[in-house]
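What follows is a set of structures for review.
Both complexes shown next keep subunit A, but they swap its partner, so subunit B is in the first and subunit C is in the second.
So, the complex of A and B:
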């Protein structure tokens, strides 16, 4: 067990100065001799078949070196659901068709303008419900949904399904379904039943760094600079996309300017720079612009939903019946809608529950996980409904959440898993205490001229860790500890935070610790992906395991040289010494030298059988350099890891202009022990701000007639600006350790987002009183229409407006 | 020809250091020339390869176009003065606060440091279809994509639409009309001075342009007379987010109160039509009345008469009505 000297304290991570001064090199900042620049030809149509491409004029242009089409991509055993870097059947406007490498971007762009593409337009669909109608268009030839990840099939609902629904969401045959308890009985027992048709839009990820990529080849090895969330786990994806063995890939990704789930294992366009470089015989840089990032980057799937909830008079939820239609884009099935069912089951522990869902293909960008996938959408949709019930039942809004809250004994979801910990009531209490809730809520409805105040509370949850990955570290004869981290440097600092666990166990100062990261040529162990808030939990444990193995090796080395049993030695103060006598024994530098002399397991020539092949390869690369610790996280554990966030917001709505000012926001989380207090605050407040955008201004808009998007640039997509962030923002953790992590820590990247959206939506609803908008973002126009009793320009189930 | 965006095509760049040279270049290249001020509008067009001038005339080296000078009882602002210059100028702040207020609400500090007053008033519309390179009326085609039963037109016009339904997005233009500014234009016909109000045109005059500037013309300065110096001003811009956003609707007004009554008033809306919309009828109705909530509300009703909403922009009607009321009521509460 770590002594916690560094764990839980603030510090400056080693990449901080480089980032602050602009010296950090991201994929786009690299240059190589003879480097060419790539540009893409993107589909102007939402769905078409490319009949012919005439590149003769482009190829004849001076400075054009290579043109890559889908024919140049390696054959893969691609399941039908996955997109590739280039295609001959674009399924959304902006999907890349071919790439040109030229001496500069000017020339490449001119070459693209000289290319003639003959398209056969195909039917397309933007709104999933249009595709479900009898005779409605399909996003793909052959169907509108993907079955078992390998077949495109067609599902149509009946005219009767639509007719019966009226203005509400129709609910035809679902693809996914489960029931817990007896939903009908649950509604019979309810004192209040709310039945709501709701909509949550799809949304681009908007990472600050776009998915640029640079690649070159040396001696049949591919050197590739990419923008990726993960590091070690991205390399196999590159190999697969390029059609080479993973051992041929050297992936460099020391920094990542945000991914939010859109770059978990790198990006699909990595193949373009790599294969163009191979074809041209020169390095190739593919810079991705903002509008391109939003065109062929990824997006969060939107939901159309019907939510029927039964409440007892005390607020306890007796029945929760949910039906979600997921806007899936044209490719692989997103798990958001089923994740949403887990969030509902966990957050509200309904006594009876039914989930039904269907994921429908649309001709819009490829979907992927986005920070709390499924969780954000469902939290934004359901939390205002909980408030509505609280109002009707005259209950306090924190109390109604407490009465339904999970705890450590909760089992949830279709497979009735348990959780490692859930201190939700404690989190709600702490939030109430921090804002002085009894006083805070009195501000609801207070007016100041044309402005009225609203307050909102929201509970959000999301997964927070995984298990079973490897740690790898070496103490070298220079006396320093080298912690090799296979996780990516996404900006959360967990790359560095989780290394500090080893320092604590081995009592090595941070100044004597070198974190090795971001380059698969530097021997990185098998790691979790940098996604799903996994790394804090997974790699505190993996590094604790490796540090424990290293400590054992050091004890054995000392015993071999100085006699006695290994157990009679301790490691501290830079030495391996007799317990209770720090002056005895040897320095770590000396122990490292002895490890090299001893070989075998001491310097990494032999490693534990149960570690991953990647880690074995990495360990082999480091063998003989010092005293090694390499181990798998075998701490085990039972149940799923979840963290929770309670957000409390105060807004002021101007009833004459629809303007909304968020005046206060407090976020409190259950994330176990806090590893890096400053980093934690950045995560929970940063995630909240992302939520404010979805609540208020950030849009995803398509022209439905032409299937073309209008929100691909930051100025028309409108993520929140610093002036949309309240001056008062507080963040805190309840700091109850998770019982199943020796370090007590859980991840926290995901859950703050949903709380940020929902608390602000609830506060706006509170300010306006009888508010029945049922969709987000709650923008100025919708608020004014509502306040002026003017018809909204579109109905709830209209998407992408 | 395949379409590609986000890469600026080559053009010839001229960097004249005198107005005379700049005008000579405009004459030489005519319609193939492009006067480049701060670049915030221009670069968007260039990088999307939609507007492709042969000759770009960068006006940043022309000293005559810069500077803010006191003239008689007013002020003359070089067209190339940055929005930050305008926003922070002490004289403008104290005498014509309406303009500094409007300038301060443009986009972001970075954009205000780079963007110019001349550019801000002369900027093109932000209709997504037109900016996206669709072959619409304004782009020389024969259809408006924004005015169909399924169009996305939340930001579009309530008034003065004629085939094209796009709006003028400027924050400073309506403020300058309210201040009765004069725009000084140098061009083929020598110097021309026009009322701010007359600088802006509707599609019925020329559907491909937002202003009266002819290909050979350069807007050189903007003169604000002393007429409205120290009047009671009101500027409000409603937008989706508080930085880097165009107005959904804005109101600019200048009001002189005497003996508790409105002696004179100019009130101008923007983002509701193809040019800033001066509310002449409202101004006439308000003269001699008290600046009260009720009078403001009545003015708001009058202001919105004759509106023609599209599918998604009817919210602009009550918004406009309320903004007029707030301008009259005066205090931003």
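So, the complex of A and C:
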């Protein structure tokens, strides 16, 4: 199956012309008659209670149509853990308190100026360790961590915990803990033990399109234009936030200007435009500014970590003991730190392992998954430690990773799951071959004037798929195949890539295929969220299932009309025909007409019982329009899906200025069969370059006295620019099919990010010959201080400095 | 900044204690704002306010994509706002509204400008070209656009209109740029998907397509 005509080939996705001509409409590009503009009043303090809001003056202003506060939001069932669109107890600077809809933005802003808010300042905390100290401040009233996703409780460590740790990370009572094997025995067997205190920064997602939103109501239905990674799966979230039934929501999201995990099921501010619109009786546009995007646009949690690793002389890891303190923000509970334990268990298959972790609330923006949540942080922290061990043991840096690498038989993590496939040694070998590693590594330490070269290798992994979603497609009497895709259009091209599976099975040219996406009014099936690298695996399978069902229907239609058994018919060349005799049969257009006449399962009036209710509703909307294929992915499978990326970087560090230039980067991945080679390369290199930003320039800086961020905008958040990347980068896949997908494909969005960060960190470390920088980003000042033996301006465990 | 009222003055002058005065000083020092003092404008979508007596608001003529467009513009209005909210040209994107990201790049007399940071009044008499002005009326794409489509350039593509305008200016100035020259020419544009490698591929091929016409 992986050898279809379209699968594995490059093409230009059908939305590209719209994107390149400015016709593609993102949420803020829509207009509606009578549209009002919204502005928000946001908390000036990191933690406060709003005692009173006086809106009288604002309401009296001409042009002000509606004011929305937290009191206007519907009750939802998880108020303690999660944030809502508006709040009376802001828990980070910039959290929205109220919203105003007015005839234009200036009027709305003037109204906000006229609103008097009475705040009671509350204690706040930015660094999780400050909150863990005896008597330390809590980010929320009642505690500093969320238990069981609902209760806020307080955890404090003892003075002794802190005293014993000295300069290293203290390790008091954890919240989460597991041990595999015998960690003490593992360290006894080790020839080398490294014990490191490390820090990885928190980081905003900063998609280029902010989470602007426009909404209006018609016939008791909410029409809402949002920026979201997932289409079908966002609608129920809108309904919940607004307090209506999902059937009342028409969600339009054909394009999404970047998400990286910050817009998985839509955004927290969707309720603002929707409810303001309801209150005002007019359409409302809520434009989100860049600094607002930084405030409520989500962020990756930072880690403070203590990593103790025992190695045999040959590099095999006998013991891996990790303790992570997660900077959780004020809301919910991020899974990053436990995901990090799974990545360690899988990437290094330690013979004995212990994980301990705690997730502490801070008065900083709400955290969410960011491309390889937990995987990026831990890869950036641990890979330089692996290199330090390789240096001390005099081992090759690819060999030390190979000796610890997982394979198809590996079980990993606290629940000892299997993986569907893991060809990590093959991936490391291919990377070594591509860069000619034996020669490549000889460049390490070479000098050119004040500049010195360093090389680095890093292994990164992340989950790469899910199962059990639905496919839905129709061949209409115009002879075209309409593939309905409920996944979002985030720019990965998987919306279109995974539709091509149906073309291959039904032998329908791409030119005769219409992909329908991005509008729940257009009958979208139940889909995976467009996150966690899920869609490639999940929706190649779902569309294969639906195309198979459609093919069976076409064979039966032909048999009914022309006689013989359905099995004696094939579908190819735009016809359903007797096997071996293309003349004897009918066109797909004709078969579509016959399907409508036959009704029942042929045109979607009857559908399989096991498909999701959402898909049934979509199928009912399409019933009678042609020959339908609707099916659930029942291909099954055992074990978790993971993909792997090996990054190899070469940098040049100027020993006089601390400046770093990345000169070469190669990434090789194990992602199963490749659907779209050009799209794949873009994913692995783009993801890696995002990693370069975390390695070199991107960090948060907070004013510890007032709890306000200094890095709200792109110019001080410093994401990578086109001048920060090497002019030549290589990307490749080992192309070994995953045995549990009939099409062999796994996802790849997540894993490259960690490889990019860690390969560059390792290369910088190699260039300067010092293996204890202990934190990222490795900015010029840190590098210079290290080279000059000067004290660093802050200690390892300080956050957001 | 919205009015804040703190009833209790702090008892000590402890570093962490709040007073209204200290708080405001801190916020000012930190550059933080209580609400988004970001891009504000009076959108004329449906309910633009009528101009106040004596205001500078006035009807002007802009030359946009080869057409004369009459438009009512405020004195503080930026070109990006005028294009997006008054002329219906939403292909020009706003990613930051502060000349940081380049999503709003347009050409003024063939030269790239961040339209978020150009006052509309200053472009009277100049030729404004936006992403909508590149393709022919019959839908034939500009060679740069065609090169990017053929090269499957960009991912989320929110940055694409700005990048494409920079590429158009680049190929006008340099018919056969190296990758390094292309990177320099496009360094005023950010791509958060960081698809820079493919963007450079497309930029080099865009010059190729343009040379061949």
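Convention: the second predicted complex is superposed on the first by the 796 of 801 C-alpha atoms of A that agree within 3 Å, B and C clash if a C-alpha of one lies under 4 Å from a C-alpha of the other, contacts with A are read in each partner's own complex, and residues count from 1 in each chain.
The rule we apply is simple: a residue touches a chain if its C-beta (ideal position, glycine included) is under 8 Å from a C-beta of that chain, and two chains touch if they have at least 3 such contacts.
Here the structure is a predicted model, which is why all the values come from computation and not from measurement.
S.K.: May I ask you to decide whether A:19 touches subunit B, subunit C, both, or neither, giving the answer as first, second, both or neither?
M.R.: Only subunit C; A:19 stays clear of subunit B.
S.K.: For A:113, using the defined touch cut-off, is the partner it touches subunit B, subunit C, both, or neither? Pick first, second, both or neither.
M.R.: A:113 contacts both subunit B and subunit C.
S.K.: According to the stated criteria, A:257 is in contact with first (subunit B), second (subunit C), both, or neither; which is it?
M.R.: second
S.K.: Considering only touches as defined above, state whether A:714 meets subunit B (first), subunit C (second), both or neither.
M.R.: both
S.K.: Going by the touch definition up top, name the partner, subunit B or subunit C, that contacts more of subunit A.
M.R.: The partner with more contacted residues on subunit A is C.
S.K.: If you stack the two complexes on chain A, which partner ends up touching A:181: first (subunit B), second (subunit C), both, or neither?
M.R.: In the superposed model, A:181 contacts neither subunit B nor subunit C.
S.K.: Check whether A:705 is in contact with subunit B, with subunit C, with both or with neither, and answer first, second, both or neither.
M.R.: Once the two structures are laid over each other on A, A:705 reaches both partners.
S.K.: With the two structures laid over each other on chain A, which partner does A:566 touch: subunit B (first), subunit C (second), both, or neither?
M.R.: neither
S.K.: Give one of first, second, both or neither to describe whether A:659 is in contact with subunit B, with subunit C, with both, or with none.
M.R.: In the superposed model, A:659 contacts subunit B only, not subunit C.
S.K.: Once the shared chain is lined up, is A:788 touching subunit B (first), subunit C (second), both, or neither of them?
M.R.: A:788 sits against subunit B, while subunit C stays out of touch.
S.K.: Return the residues of subunit A at which the contacts from subunit B and from subunit C coincide.
M.R.: In the superposed arrangement, which is not itself an observed complex, subunit A uses residues 39-42, 44, 105-106, 109, 112-113, 115-117, 289, 291-292, 703, 705-706, 708, 710, 714-715, 720-723 for both subunit B and subunit C.
S.K.: Sort out for me which residues of subunit C touch subunit A in the complex.
M.R.: That would be residues 1-7, 15-16, 18, 23, 26-27, 29-49, 84, 88-98, 100-101, 103, 130-132, 134-135, 141, 145, 148-161, 164, 179-180, 183-184, 186-187, 189-200 of subunit C.
S.K.: Which residues of subunit B touch subunit A in the complex?
M.R.: Its residues touching subunit A are 1-10, 49, 108, 128-129, 132, 145, 148, 150-152, 154, 236, 238-245, 248, 311-315, 317-319, 322-323, 325-326, 331, 333.
S.K.: Along subunit A, where are the residues that touch subunit C in the complex?
M.R.: 10-13, 16-17, 19-26, 28-29, 31, 33-37, 39-45, 63, 93-94, 103-107, 109, 112-113, 115-121, 206-210, 255-260, 287-292, 490-493, 678-679, 681-682, 685-687, 689-690, 692-693, 703, 705-706, 708-710, 712-715, 719-723, 725, 727-729, 731
S.K.: Which positions of subunit A touch subunit B when the two form their complex?
M.R.: Going through subunit A, the ones touching subunit B are 39-42, 44, 105-106, 108-110, 112-117, 289, 291-292, 448-451, 656-659, 696-697, 701-706, 708, 710, 714-716, 718, 720-724, 779-782, 784-785, 787-788, 790-791, 793-794, 801.
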